[in-house]
Amino acid sequence: MSDMIVPSFGNDEDTGRKLAIICSKGSLDMAYPAFILGNAALGEGIAVDLFFTFWGFDIINKKTMDHLKFSPVGNTATHMPAALSPLPGVTSFATHSLKKSLTELDVPEVRDFLGLLKDSGANIWACQLSADMNHLVKEDLYEGVDAIINASAFIEMTDGAQLLFI
Amino acid sequence: MSDMIVPSFGNDEDTGRKLAIICSKGSLDMAYPAFILGNAALGEGIAVDLFFTFWGFDIINKKTMDHLKFSPVGNTATHMPAALSPLPGVTSFATHSLKKSLTELDVPEVRDFLGLLKDSGANIWACQLSADMNHLVKEDLYEGVDAIINASAFIEMTDGAQLLFI
Amino acid sequence: MSDMIVPSFGNDEDTGRKLAIICSKGSLDMAYPAFILGNAALGEGIAVDLFFTFWGFDIINKKTMDHLKFSPVGNTATHMPAALSPLPGVTSFATHSLKKSLTELDVPEVRDFLGLLKDSGANIWACQLSADMNHLVKEDLYEGVDAIINASAFIEMTDGAQLLFI
């Protein structure tokens, strides 16, 4: 496993710091920043809450979480011509390439990384409104999800936390 | 109205908490996270400042705010093939579908939601640089906008606030 | 130079406030919010740390930083039909237009703006994992980069900071 992704099991130093990450995107490339920053925070003794909402619901939906995709469409940093990126096969290719890069650096896959965060003490929350919009209930979600909560409950628990919206 | 979108009129408990949300995207799907989190925060007695900047200017531009669109292009969480999502009609269809889902859950439309936030005590700020880039003045903007301010003024007022960049 | 982009050289008032901005996008339009907010914060006597990661690595990669592009693909706030925006030439045209708008408002180009931030006291950090994924070392990066650090180091230094994820 990479130096970057050190599991933080057994870290029992409590800094009083809290980090709450709102995960609103469901693409593979925007799942990882939450995982990596969350894991780093746990390793520093920081309490971490992850709130999955809007498109980010795909990351904790049992049916989709193992098949997150990455598309270069609209992303100029991939240096792919805009006319090529929507072509059939490009999303699969780009997803495969990104996964390969991550695997080479020993970065765990989505389900494994969520398990790692959970085992390290992260709380995983699903957004009520997103669940309702997608007609999903708790049984449809990754088993590590603590609960489906509304935005008010999330806001309440983030008193004193540093926030990230991804 | 949905349980999730409870108007927070008359909440006079002051927690001392402040939440400042920078709204930089102008698509329909990225307008709602700011509204929903902002409204939840107001309901918890938290002072809320919304700062509309860059593409987010469309949300407070009188001419565009009632016609925000949602495009599945580049968004793999919509599960639409990348080759189909740019086709004519797809943006209209996707926008209509998203609006329908939101309406079914009693989530207000953009203008109404902004009015709700305003009535609940939120401050609504427009970015000076974005106004200049778009050649817009205050009269071009939603009447609930408190003022056009520059980034320095926004940074100054967010002392002690939790921040979100959407 | 625009009123909005006042260099903050020589501001030696220390407010104790800290702002840490995670720059994860590599497109031209998403580089500027970090620059403008960071510069405004420096002007208010706030310590600023910029952490370039994922696609945001393009902003500090010597080979790409002077050629950041903007694509209207997937961005409904550009009001360009989704079928047109991937066509050849559109990215170049949109990039040129955005640069022109910024230049007219005396907003510096990417390299100059980074230099301005650096001279005003900002710290510029590159993400270790992103460097590894891109097979880049410090010599490949903008000379103003202070160091390549991992997410844990970044999280550690942001104790007490306000956070933005762009």
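Order of writing sets the labels: A, B and C. Residues in every chain begin at 1.
What we mean here is this: a contact is a pair of C-beta atoms (placed from the backbone, for glycine too) under 8 Å apart; a residue touches a chain by one contact, two chains touch by 3 or more.
Since this is a predicted model, take the numbers as computed values, not measurements.
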(message) Quick check for you: after a Cα superposition of subunit B on subunit C, what is the rotation angle, between 0 and 180°, in steps of 5?
(response) 120
(request) Pick same or different for copies subunit A and subunit B, depending on whether their interface residues overlap by over half. (result) different
(request) Find the geometric centre of each of subunit A and subunit B from their Cα atoms only, then give the gap between the two centres in Å, rounded to an integer. (result) 23
(message) Quick check on subunit A: which residues sit in contact with 2+ other chains?
(response) 73-75, 85-86, 162-163, 165
(request) State the interface residues of subunit C toward subunit A in the complex, per the touch definition above. (result) 22, 24-28, 53-58, 64, 68-71, 73-75, 85-88, 90-91, 128-129, 132-133, 150-152, 154-156, 158-159, 161-163, 165
(request) Please give the residue numbers of subunit C that touch subunit B in the complex, ascending. (result) 2-4, 6, 15, 17, 19, 29-30, 32-33, 36-37, 39-41, 43-44, 46, 73-79, 81-83, 85-86, 101-102, 105, 107, 162-166
